[in-house]
Structure formats: C-alpha cells, structure tokens
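Listed below are the structures to be examined.
Next come two complexes, and both contain chain A; in the first it sits with chain B, in the second with chain C.
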Partner chain A sequence: MSTAVTTGAEGRARVAARRPRLGRFRSAKAWFLLPAVIWTCGFTLFPLFYALWLSLQQSRGMGRPLEFAGLKNYGRLFGDDRVWGALGFTLGYAAVTVAIQIVLGLGLALLVNREFRLRGLVRTLLLLPLFATPVGLGFLGRIIYADAGPINVALTAIFGSGVPWMSNPWSARIAVALLDIWQWTPFCFLILLAGLQSIPDELYEAARLDTNRRFEMLWHITLPLLRPLIALTVLLRLVEALKIIDIPFALTAGGPGRANETFSIFIYRTAFTGFDIGYASAASFLFLVVVLVVVNAFILFGRFRTVWQAGD
Partner chain B sequence: MRKAAFLASAGLMLLPAVGHAEGLVTRHPDGSIELKSDVGDSITFPKGTLGSVIEDAWANGTKPYDGITVSVVTLNAGPRGAISGGILPWQKAWEELSGQKLQVVLKPFNDLAPVIFNDLFTDTGAYDGFVPPMVFLGDMKDKLVVLNDYMCDPRFPKVFTNEECRISDGAERGMSTLMPSMQPLFRWGSDWYAVPWDADSHILYYRKDLIENPEVQAQYKADTGKEMRPPQSQQELLEMACYLNGKDPLGTGKNLYGVMQPGALNSQLFDWYKDFADSWSTMVGGAKDGFRETYHFDPDTMEPLINGPGNVAALEWMKQAYACGPADFASIDLGGHFNRFVQGEAAFAWSAGDIAALAEEEGSKIKGNLGAMVIPGSEEVYNARDGKMVHVDQPRPAYNVFGASWSGEVSALSKNPEATYALFAFLGSPTMRVWNVKWGFDGIDIGQKADFLPPNGTAKLETYLAGGFDKGDAETVSQAIHDNLAGPTFEYFKIPGAAEYNLALEIALQQTLTGQLEPQQALDGVAEQWRSITDRLGVDSQKEAYRLTLGLQ
Partner chain C sequence: MNVAGRLPPFLRLLWLLGLLLALTIALAPLLWAIRNSLMTLEDTYKPLFIPFLQFMPTLETWSFELLEQSELSTALGRSLVVAFCHLLVVIPIGTLAGFALGRFRYRRPDNFNITLWFLSQRFLPPAVVIIPYLLMMRAACGPIALPFGLWLPQPLQLVCVLEGDRNLLNTLSAITLAHVTFNLPFVILIMRSIFAELPREIEEAAKVDGASDLQIFRKIALPLAVPGLVAATLITFAFSWNEFLFALILSGPDSQTLPLLIGSGEGVRSLDFPSVSVRALVAILPPVVLAVLTQQWIVRGLTLGAVKG
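Presenting the complex of A and B:
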C-alpha cells in the first residue's frame, strides 16, 4: 500500500501549475458574460442615464442646442395639471381593468377547470384575444364602436338608440377599458388555470368529508392556494396596465379631450409633438418612481399579510 | 432536366412582367417626352419643360441620375389615397425617366412629425426629401435646402415661368403661377423651401338638391319665416343646418344630418375651428391690411389672443353646429368626414378640395348636386379697437388657406439634393397639374392658376370631365376655390412649435364639444399652454418668426 504524501513544496507547485488554467477559466467566463454586460450597459444603463441627463436639459425648439436647466423640469411637473390628470387616470384605469381581468380570468379558469367535451377548443378560443396586436385592436374598436358598428346596431335594435361611444368621456373610457379587458383577461385565465390544475384533488376529497358547499371549498382551499399566483398575475398585469398606450391611442388618441390620456400618451406627446424632450424625460422619471412605489407597496402588503397571518 | 425545364418556363413567364416595367417613358421625335402612370393614362411633357438634365440625357440615350437612390417621406394613404396617391402612380415612370431608384417611405399622419424631425435634428439624414404639411416649415427650415436657385435653374423641370424667374426677389416670384394668398406658404421670408404641389384651402360645401330645392325652400320659409339659400353668414348656416338635422325632406327614408365635420383628435380639429373663428375675432383680415389685427398672438408681445371674446363666441357657435351633426362626431376622422358627406348623409360640410374630387368618384351620391362657396363670415365680430363684440350687416367671408398644402422639401442632409429636387419639380410642374386636376384620389387639391377654369385660370373643362367630373360641379368648385383664394385670407400658422400650439387647441376644442369644459374655460387653458410653449421656445425668436409670417418685417 502506497501512500501519497505531498510535501508543502509539491502542493505549492501543483497550485501554481493549476493557476493558469483557472485564469483561463476566469477569462472564458468573462467573455461569456461580456454580451450580457454590453447589453445591460447599452440598452439599460446608457438609456437610463441619458434620459436622466436629458431630464436636466431644456429644449428651446428643434435644432437648437439643449440648455442645462437643473431641476426646472421636475419643478414644472408639480404645477402641471395635465401631469396629475394623466397620472390619476392611469392609476385608476390600471386598478379597475386589472381587478376586472383577475376576477373574470379566475371565473373562466374555474369554469374550464373540469372535464367536458371540446374543452381544448374552448380553452384555445378563450386565449385568442391574447395574440392580437393591441394597436390592431384599437383600430378594430373604431369599427366596433362606430355609429353603424355592430354594438350600436345591436343596441339600436334592442333599446331604440345607440351610444356615441367616443363623444362622451365616460363611454369612451369604458370602450377603451372593455378592449383592454377583452385582450388581457385570457392572460389571467391562462396563469390561474395552470394554478388550479396544480392543486391536488386529495385536498378537495378530504374537504368533502366536511362540506359539499363549493363556495367554502373555493374560499378555504382554492383561493389560499392560488394566492401566490394571483399576486404574481396582478403584479405582472399592473406593471403592463400602468404603461398602457397602444389601445387608447389607436382608438381615441387619448380623447375625447384628455379623457383617455394615459401617462405614456402624455409623455409621448410631450416628446414627439412638442419635442420638449427634457420635460418628457423628467415625466418619465416621475412615472418610474410612481410605478416602483405602486409595485413595492403591493409586494410589501403581500409580505405584511403573510407575516401577520403567520403571527395568528 | 425537369428542374431546368421548370426554371426555363418560369423565366419565360417572368419576361413579360419585366418588360412591362420598362416602356413607361417615350421620347417623341419633336423632343417631347411621354410618361405613363400606373392609373393607365399618360402625360406628355413638351420639349423644354422637363429640364436640360433629363432631356439631354434622353437625347443621348442615357439616364441622368443612374445609380442614385432617392428616399422621400410622405403621408401614407395608399396608392389611391391622398398625397401618397400623387407620387406612387408615377414612381415607376420617374425611375425609368431619371434612372433613380425612388424609395417612397409612407407614414401615418401621427408619425410624420416624429419621423421627419428626428431624422433632421439628430443629423441622421436617412431621407433625401420630405412631402410634409407646410405647418411644419417653421420647425424644419433650418435643416432644408433653400430652393431659390434650383427653382429657376433650366437644368430641372420647370416650375415657374421665365418671366417669374426674372424677378430677383424670391418673395415676389411665382405670383402668376400661384394664387398670391397661397404663395407665402412655401417660403420663409424670401427663401423658398418647398416646391408648390398641393394647395389646401377650406370652403363650404352643401347639397344643391336640398338648399336650392324649391319645395324644401318653401317648407323652410313656412316653418321659420326665413329664406333657404346658400348661407350668407355663419348664423344663417347654423339655422339651416339645425333645421335640416334629423329631417328627411327628400323622402329618402333616412334622416339627414345638418353638418358632417370631423371631431376626432388628429383630424385637424383646430383648422375646422379656425375656419370660422377667425371671422369672429378679426375685423379686417389680419395684419396684411395694415391694421395690426392678428388672430393667434399680439405681434408686439406674443400674448395669446385665442381666449378673446370673438374666439369664445366662435366656439359656442361651433358647439351648436356640431350638435346639429352626428352624435358620434368625436370618432369621425378626416376619411369619415369625406366619405359620409359624399354619401349624402349631411346638408353641409366645410372642408378641403378633397370633397370636391371625391364627390365625383364612383359611389358618390352627391355628384351633380355639389354646391360650393366661400365660407361665410360671422355677423358678430370682436372689435379689438373698442374691445367689444359688434354686429356687422355684411359679414366678411372667411377666406383662408388652412390645411396642409403638402409639398416637396429637400433635406440639407441629403447627399443627392439635385436628384431629389428634380423629383419634386417633376411632380410640381405645370404639366403635371393637368393630371392632378383630373384625378381626385391623389388629394393634390386645386389652387394654382393652372387648375382653375377660365376666366380665373387656364384649365380645360375637358380635363375635369375626363376625370369624371360633372360639368356643373367642376365649374362650381373651380369658382368657389378661386374666390376663396382671391380674397384676403386669414393668417397661416407655421411658426416653430405650430404642431404643439395646435395640439393644445385641438384637445381643448374636443373637451368643449364633448361637454367637459365651457368655451371660456377651455380657451383660457389654451392661452396658458400657448404662453408656456412660447416661453420655452423663446419669446423673442417666436415673435420674430410670427411677425415674419404675417409680413410685418
């Protein structure tokens, strides 16, 4: 039996011999990381810092050099009614549409989460709106809500008159929200259906020993187990809904007046009609802060609930 | 073998197609050059009208701009739609004539300003030229080629007459080709930046089968005690429109609307307002008459005048007029406005020359019944000298050059400015106007002297008839547009930031029309925004630009 005895000198030599290999390995790792670093620097950090720099500049018209304005653009935001109007509308719009999408998505998922004929076809049909282009939906909405469009034809046949959807701020808001809900409810449906299918049947079988009431099972088994997925879906949809521009812009251009002017539309107009790039950039940072506050408040609320319930 | 046979037969099938692309240009023995359009007709340019570069090259059997690619941006309305429809039918013929590869980049209206301005002001230079609305000129001019020398250069297609080219002052050129009211649109001071092409102005259209119908007139008289006639004032227009709204006086089975106007955002709502508001707000027709009475701003202080009593009263009037139209007005865009009026849905519409052309196309229900006149003025006018509204017995008609007047401009960043200019000069040449007059779909509205029927111009009635016009309609429209442009027209707003000023006004107008704001409240808000825009862009530079457009400097 031989025993390999390594002297200190041999060990040091072995480590030294290994070093170049490790160096090569480290070097290769750096090369693999480089595209991600370039991507992040080029497409995330640079635009972010460039926008920050722009937000400190004032534009005095196209073709003229930008002037340093300090925090003037941020100061303007606080005195601009259009900013707070657009912000308030966007927050309200996101809250209402996401809430409805979640409720409808969950309802549809509960309906479809059972065995019945043509279940696959029904699921596919329910998902179809998700694949439509939002701008296309906006333009489709112009036809659907038109004076002689299908909705008004139906309303006239039933009630004797249609609705001038775009000529009233509230009906125009409802028209936009309906299209948004139509498109994004399938997204909620898809995620929540997957969640429902992951709940073991044994839990329901055990519960049936105590009750046959479906609502109780929904309240005490389904919803608590779906809560993480519901939270995730709300979060994803909330971030998207806060950024919305396509459907309201294509359908109403933010109108009538400013009735459907989301914050993204406000920023777009400021940047590309007025070419007030500095102000638009400052507004973007304000919006970034608002979105971060809303999202973090939502996450913190979820954690607080979890800790509070654990304490119970 | 089978593969080879297949390729050979495919090649044979392709041959006629390739051959079809050629042969759109024919040089005749007398030196004239005939070009065929995609529409299936042709135009012959007499010798000396296409410029020496093209004509000499063709005489020598070469192509003058061979190997050069020219890229131009314009409005996307398709090959048979407004503006793009004026270029695309000639794209192949022009490529064959010039040897250029012509890229026509089409953008929807909302994208035009961002695309053009970003290209120019980031010094990208992706495009050689643009066909934008002239309201952008104040913003774009510093990045455009001054065309003064090109426009009388015999190397290029002829735009102005030889006599006009002998005039050294650019501000005075073109007066015998263009209507004097239209001429300033394409220049800044004495520098020309655009080759005149489209000629927008707004007139009042009405259905003659209603307004000039003795039975309808008699019923109107019996019901209101007033005469039904082509309206002599805006007050008369409103009374007639609201009387007819919801009625079916011709027994068609479908109720009429009084007016058919666009109310959607991005459909030039500000122009449909200014068409009327100007005559409520100024007594004598702008600064050009010597009395410094302007519409948009006080030219000494740049204080906005938009919330003055005349404008507020005009907005009240507009609200009432829109209430005598479709309830879904806020969803009616330009296309809807044109189509629904030519489908006979309404008694009145105030609009650009597009309606005149579209009314004559297949499917129109008002062909032969198209009434047209200068937009009447208001009986109530704000007298700025006395600071109060006054009544006038003979309202001053609302002469105007409102609209886009799309015309070709050459980018200062272009590597091929001459080739680009040659294209725009070709499109804007007097010879080409015959084609523009003939076809309505291209949206190149009539407004140059060559477009009007005698005695106002040199157009031939046969040209209109060949394009499908009814004789009476052609005569009526030619006269009305000429009369409008011959009058003292209101200010054309093209100072830097014009799009932003107009957007602020457009949003406020829609807020008022949909009952969200009262007229005074809405226009006070506009004035506040206009002040803010002016402050940001610089009061002094804006004042200088505004005064220049008014001819005060």
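Presenting the complex of A and C:
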C-alpha cells in the first residue's frame, strides 16, 4: 500500500501519496514507538516471565540458591487457607467498595448535574479526596478512628459508646472500606458527571411530552445512555481496587490478624517477610489469572473497542 | 443543564441538604487534619473548631516536623527527586509513542492492538512483578544493571547511593525506574487522545512542504499539545508521589520515600494527633493541589483518554 504513512482519513491519504521519499517516513513510524516498546519489554514483559520462572522454583531462605520445584508451589496454593482467605477478601472487598462508590458517585453526579451558582466550586471541592495520597489517608485514619478520635467521640455522644475500630476484624474492614469509598467516590462522580453532561437536553424535553416523573426519565433515558460509561468506570475501579495495598497497610498493617490482608499484602509478606519467593510468585500468578478473568469478562461485555478508538 | 425544570420546594430542600452533606463528608477529614495540625496536643481533645476565636492556631508542630526533625523533610526531598526524575524519562518516551499512536496508522498490529497492549499493563497487578523487580535491582552489575546506569539522568546518579557493589537496591534510581514503568502506559494513552484531537490541517500543510515526521512532531504538534502535556505531567507526578508498593519493596534506609515513612508509622506515636496530622497532610496536600490545577483534564486522565470530560 503506497499511502501507508498518512495520517487520518483515506481521502487525505491521496495528498500524501504524491509526496516523495515514502520509505523514510515508513520507518519513522516505528522509531516513535520504539523506546516505549523496548521499555515495556524490559520492565514489564521480562519481569513477568521472570516471575513465571520463579514460581517454578523453591527457595530455601534468603541468599540460598533456588531449587527447581516444578508445579509444587501451585499445588501448595490449593491447600492453603490463607491464599483463599486473602483472595476471597480481596474480591469481596473490591466488589462491595466499587458497588458503593458507583452508586454514591452516580447520586452525586445527579445532584451536581443541574444549573446552580458555585457549581464549579462544588465540583472542585468534591474531587479533592481523589488524589489524596492513600498511605497518608490510611495514616490519618489511625487518628480518625482512634478511641479519642472524632468518630468515636461523636458515636459516644449519640449512642453512649464508641466502636473499637482497630481491634475487631469486621469493624477494621469497614474502617478501611470507608476510607477507600471516601477516596474513590469522586472518581466515579467525575466520570459519570461528564457522561451526564454529554446527554443532550432535547432527549429530556422530548420525554417530557410523555411523562413528568423524574424517576422514569432517570430509568429510561439517563441510565441506559450512561451504561457504557458505568461499565467503563466499574472496570477501571475494579482493576485498581483489586490491587489495593496502601490504605489497609497504613491503617491496620493488614490486621487485626489477617482481617485486612489483601492479596497484594499477602504476596508482599510471603515474599519479603517469609522469603518464600517461589510460592509468592505462584500466588501472584493465581492473582494475575483472577484479574485477567475479571478484566476480560468486562472487555467482552463492555464493547470497549469503540471507547478507546474514539479518537482515531 | 436543568434536567427536568425547576424542582418543587420540598425536593429543592432535599437536593440542597444532599449537596451539603456530600461536601461535608468530602472535606471533613482534610479540615479535621488541618485543625489538628494547628493545635497543641491538649487542645485536640477539646471540641474546639474555629481558629482565632476558639483556639490560637500554632505552627509549632509544622516547624517541629519539617524543620527541627530531619526525617520528614528528607523523605519529602526523596519523593520529589523520584517524581521529578521519573518525569524526565516517562514524559518524552510516552509522548513520542502517544504521538505515533494518535497520528500514524499502523497495520499488523494495528493501532488499536498496540494501544490495548499498552493499556493492558495498567491492568497488571504490580504485586505480580515486585519479586522480579527486587531481584533485578539486586543483580549487581549484571547485564540488567548496566543499562540502568546508562539510562539514569544525571541528577539521579548524584543522589542515588551506589555502594561498592553497584547494587541498585536501596537507591532512588530503583524506585524511579519502577515508577516510569507503571506510568508509561498512562502517559501514552493520554497523549494519544490529545494528539488525535489536534487539527490535522497544519500538519498536512507542513508535510506537503517537506517537513519530516520528527519536525512535525517538534515544531507543530507538540506546541499545540502543551496544555494536555502539562496536565499529563502533573497527574503523573501525583501518581508517582502516591505510589507505595514499589517504594516499599525497593527502598531501604537510604532511600525511604515519603509514602514509606508515613506508611510505616515510624518516628511518631499514633496518639500524637498534631504530628500524625502534619505528616499525613504533607503527604496528602501536594497531589490534592495538583488535582485542582489539572481538573479540566482529570476525567480524560483517569479514564486513560476514553472519556473527554
């Protein structure tokens, strides 16, 4: 194909076809991508295969040489309650927090999607939690949930007793989840607000000929139109939520016991405090498979090809 | 947009209450931390909220943590160095690739597949590669460590503590490399969507006049993309600032960055409300400010260019 170089639409391609020195341009295309491709191969693909190799090895303590173990590490995974506990907790945690974030974010977006004074300011203030350093947030959580902290003081004033946030497994989980929800609801809010603003007013005006009920409009117009965007938000959030380590690490160090041990914390501990490198690698591959299944299920159902092609 | 006309009074009140509640919840932890950081320890236990009227704000804790004690300011400096140096590498590489994906047409693999290949790295849990990273950085002077050294920007080589065995563990370089890796797909996807949106006419005119692709990129596309580039830079900076897992495994006593110092909770009693608040705020506030500065680009950034916002 003689116009392989051109930018943009086919019609414009003919202009470019008259240009001389096609070969030079043809190679330039590859040069632009090359640094990124090399970097990715060296720092993402290579470590990935390295991890795969490590998962077939057995370590006998830090500094000792590795021994080939075959699939033994993978076999061990199946009988290990700690693995399935961490995996189940991570999946459940991600599902619950993401669901709450989406619902709250959608609610907020609907609240702000009106004309009112100071709307820009409100939007800005609502997005503040988003970029707050998660570790700093977890650390701050230590004093927010402390016995003398504001939440327990308020609870004591109202109900007569506070909650021992950090010592009970379930309340510690809720404490972590609340911080997570506080931080990431603005993410869903911002994306869904952008989606709401792209819905043309005419649709609502047309619908008002049929019904005046807000709920029906929300259900039959807003939500169906937002669906691809909600799917995208869920996907992006799920991927991040499954990776979570910083908030639980800084707030409770994964505890009490193993109540807040997410899979990332489990891998970190197995590899760097237990020095069981082969086993941790095998566990990380189990984790990778789980994440891939979740992501691919979404990509299959969500029709994302159009989403990321929009700019072309 | 006024979705369904004016609200009736009752709903209007409900709407206002909902908005106020949301704002309160969004701001309360930050405001509470700021309040604590300006107080003496005894005051923090009392129900005092309004500065100057109810309590006298003091910068004592701030000056103690930042000026008198060195660990917080040292970690702060390291985080800045890592974030800045990682930008020096990730922005040029990512912008070039983003321009290529937004402008050129590839086949086998086509643009979408290349984009998806970069995108898929965002989906890879970092926990999967932390062990290889540790081992790679520890491999002293091997075929892996050597190119690292050549790649490092000059200021970084000055800061990193390369001990005799030239091991990259416990150096800021190791963290920087990891941050470049996980932010690279982000920069590529963002810049791709920004370049794809620029008007093509000028570039085509330049092409007809015989400009090379590199000239078009440098002299035409890049200047037009500067606002987006600045936003991508600031957001990437914030990501690097916030990153915890790689910093956790790759750093040692000589390269402890801010998230690590905060996350470990070292050097401060957890009931020392003012100190904890100051430390948390030092970590939290810079990216929060960046988020406000880049807010018109933030939706596009967070959706990796999928939503224009």
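The criterion applied here is as follows: the second predicted complex is superposed on the first by the 264 of 312 C-alpha atoms of A that agree within 3 Å, B and C clash if a C-alpha of one lies under 4 Å from a C-alpha of the other, contacts with A are read in each partner's own complex, and residues count from 1 in each chain.
To be clear about the criterion, a residue touches a chain if its C-beta (ideal position, glycine included) is under 8 Å from a C-beta of that chain, and two chains touch if they have at least 3 such contacts.
Here the structure is a predicted model, which means the values were calculated and not measured.
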* Asked: With the two structures laid over each other on chain A, which partner does A:Gln58 touch: chain B (first), chain C (second), both, or neither?
  -> first
* Report for A:Phe285: first if it touches chain B alone, second if chain C alone, otherwise both or neither. => second
* Asked: Between chain B (first) and chain C (second), which, if any, makes contact with A:Asn113: first, second, both or neither?
  -> second
* Asked: When the two structures are overlaid on chain A, which partner does A:Arg258 contact: first (chain B), second (chain C), both, or neither?
  -> first
* To do: Identify the partner contact of A:Arg142: answer first if only chain B is touched, second if only chain C is, both if each is, neither if none is.
  => both
* Asked: First (chain B), second (chain C), both or neither: which does A:Pro35 touch?
  -> second
* Please indicate which partner A:Phe272 is in contact with in the superposed arrangement: first for chain B, second for chain C, both, or neither. => both
* Structure fact -> Comparing chain B and chain C in the superposed model, the one touching more of chain A is C
* Asked: First (chain B), second (chain C), both or neither: which does A:Leu48 touch?
  -> second
* First (chain B), second (chain C), both or neither: which does A:Ile230 touch? -> neither
* **Overlap of the chain B and chain C footprints on chain A, listed as residue numbers** => 142, 146, 272
* In the complex with chain C, residue positions of chain A that touch it -> 4-8, 12, 15-16, 19, 24-25, 28-29, 32-33, 35-37, 39-40, 42-44, 46-48, 50-51, 54, 107-108, 111-115, 122-140, 142-144, 146, 148, 150, 153, 182, 186-187, 190-191, 194-197, 199, 201, 204, 208, 212, 214, 217, 229, 232-233, 236, 239, 242-243, 245-246, 249-250, 263-264, 267-268, 271-272, 277, 280-281, 284-285, 287-288, 291-292, 295, 304-305, 307-312
* Asked: Quick one: in the complex, what on chain A touches chain B?
  -> 58-63, 142, 145-147, 164-169, 172, 252-259, 269, 272-276
* Structure fact -> Interface with chain A, chain C side, in the complex: residues 1-5, 15, 18-19, 22-23, 25-27, 29-30, 32-33, 36, 45, 47, 92-94, 96-97, 99-107, 111-112, 114-119, 121-136, 147, 177-178, 180-181, 184-185, 188-189, 192-193, 196-197, 200, 203-204, 207-208, 212-214, 217, 238, 241-242, 244-245, 248-249, 258-260, 262-263, 265, 270-271, 273, 276-277, 279-284, 287-288, 290-292, 295, 298-299, 302-309
* Structure fact -> Per the touch rule, the chain B residues reaching chain A in their complex are 110, 113-114, 117, 120-121, 139-140, 142-143, 263-266, 326-331, 496-497, 499-500, 503, 507-508, 510-511, 513-517, 533, 536-538, 541
